[in-house]
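Chains here go by letter, A, B, C and D, matching the order in which they are written, and residues are numbered from 1 within each.
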Amino acid sequence: MRTDPTSGWMENGAHVFPLRVYYEDTDFSGLVYHAAYLKFMERGRSEFLRAAGVLHQELAAGHEPVMWAVRRIAVEYLKPAHLEDSLTVRTRTVDLSGARIRLRQEIHRGAETLVTADVEVCLVGKGRARRIPETIRERLEKLGA
Amino acid sequence: MRTDPTSGWMENGAHVFPLRVYYEDTDFSGLVYHAAYLKFMERGRSEFLRAAGVLHQELAAGHEPVMWAVRRIAVEYLKPAHLEDSLTVRTRTVDLSGARIRLRQEIHRGAETLVTADVEVCLVGKGRARRIPETIRERLEKLGA
Amino acid sequence: MRTDPTSGWMENGAHVFPLRVYYEDTDFSGLVYHAAYLKFMERGRSEFLRAAGVLHQELAAGHEPVMWAVRRIAVEYLKPAHLEDSLTVRTRTVDLSGARIRLRQEIHRGAETLVTADVEVCLVGKGRARRIPETIRERLEKLGA
Amino acid sequence: MRTDPTSGWMENGAHVFPLRVYYEDTDFSGLVYHAAYLKFMERGRSEFLRAAGVLHQELAAGHEPVMWAVRRIAVEYLKPAHLEDSLTVRTRTVDLSGARIRLRQEIHRGAETLVTADVEVCLVGKGRARRIPETIRERLEKLGA
């Protein structure tokens, strides 16, 4: 009996994470609320990191605790998603510089692209941006290659 | 390649739905926000209904459009869930009377029970509670048997 | 120029907190999502505590850090709230025992009662329920008298 | 006795809306969740529209029902907000073309700018973007002048 939620899979260099749209994600318009897509993309990033072996709780519990923080995000809404839709979040590393990761994320329904986003995240410890450790960089590069 | 999110499965007469805890579900305490468990349980109910072949969009698009509404919910918080936890939502029909369904829902982490809830839902159309159609009743009874 | 959000006021022994319904609070039904009322009630409790001079950040920054946790909540949904509705959350202390506070909360739209809830909260520190300090008890009793 | 939530006010051509940070807005980091700022900005836009006399429910109930939809949003996160912070959302019209409104929104804590965003919204009816009616355009221009 399968007992774990899915963590998605890699496909053509991108991490793919499937999800369903529930009542909580919709609004008065009958469609998905615009900020809900940011939650979907955060789930995608978390599972992308998990696939690379980089866990939030381990980072927070380390000798020098760090957490991921979003620095900027630019979202384009192309088509709306509906209640009960089956969607995928596609996450791809665009750039892995010293202290920041730039990602391209897309939300698809089958072959349709509904939402696209350029996201920049960094590691923060004690309120300051931290250099991304070599071990994390290597894991992400290995996964995305 | 699997491309659909899971809808859970039946186990000892209960519907079981797995999910992961993400940043969006947590709060200042570092643990899961108390209202987030209600979202988890709503996901569980939606997948339970889906497993029985009862879809929100079909109900809303019918000749006499109806939707599910929560009438009452009593939640007991026993133990907290953490970021990245793998949880299951267990949903079981307790009573299927003329216009209301009473459900027992539990959120588990492995063998631990974290949250329990008694939930009463009804079908609403044009602002009024509606008798649950025989076809829906049969599907739910068949699934839960 | 008024620059602070309102913290509500006391009325007949209950704390009253006003709020507006926004897109984020609604769902596919066109009405307010059932879990959103729990957020409204949490805002009401936080402002009730603030009115009594009990602040989350001070509790968390203390010598022995503590936080409020919801132990149980029983909610009854009587009538739905709509987008743009102007609501009030009414919070009243029912019982203040050694380690727990029981509250009665109601959400009103004008003279109509939309949602009622019985809520039990406790103070948690290092994962264990803590006795509510005498200073907090006095402040809450003074406010609710 | 004041019984309505605030709708904010105009200040130097910008609409200013005050709000408090609650538990629901925070996450595992102890700070405000990145998508919560989008909710704050949506509240600000709704109150900006309300101040101009443009109501969601009236638009949806009209002869040709329309709703606002976000087309794109670019957010920059400069400094984090904390639980219990008192913030303001500042909303200013940048451009009001035939079918779209471009807005500049900022979230402040006192004199500090925490988050900035460029937002493009349009009116949608029956799944298609609609020309913004002259009456709405006039009201927004009058307010922002």
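Quick note on the criterion: a contact is a pair of C-beta atoms (placed from the backbone, for glycine too) under 8 Å apart; a residue touches a chain by one contact, two chains touch by 3 or more.
All values reported here derive from a predicted model rather than from experimental measurement.
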TODO: Could you quickly compare C-D and B-D and let me know which has more C-beta contacts?
DONE: C-D
Task: Label of the chain whose CA centroid is most distant from the centroid of chain D - done: B
Open item on the list: So the centre of each chain is just the mean of its C-alpha atoms; given that, what is the distance between chain C and chain D in Å?
Closed with: 26
Open item on the list: Between chain B and chain D, what distance separates the C-alpha centroids? Give it in angstrom.
Closed with: 33
Task: Residue list for chain D, restricted to those that touch at least two other chains - done: 23-24, 28-29, 35, 39, 42, 56, 83
- [ ] Show which residues of chain D lie in contact with chain A when the two form their complex.
- [x] 28-29, 34-35, 38-39, 42, 56, 60, 67, 69-77, 80, 124
- [ ] Report the residues of chain B in contact with chain D in the complex, numbered from low to high.
- [x] 23-24, 26-30, 33, 35, 83
Task: Contacting residues of chain A [partner chain B, same complex] - done: 1-7, 9, 11, 18-20, 22-24, 39, 42-43, 46-47, 50, 55-57, 82-84, 86, 88
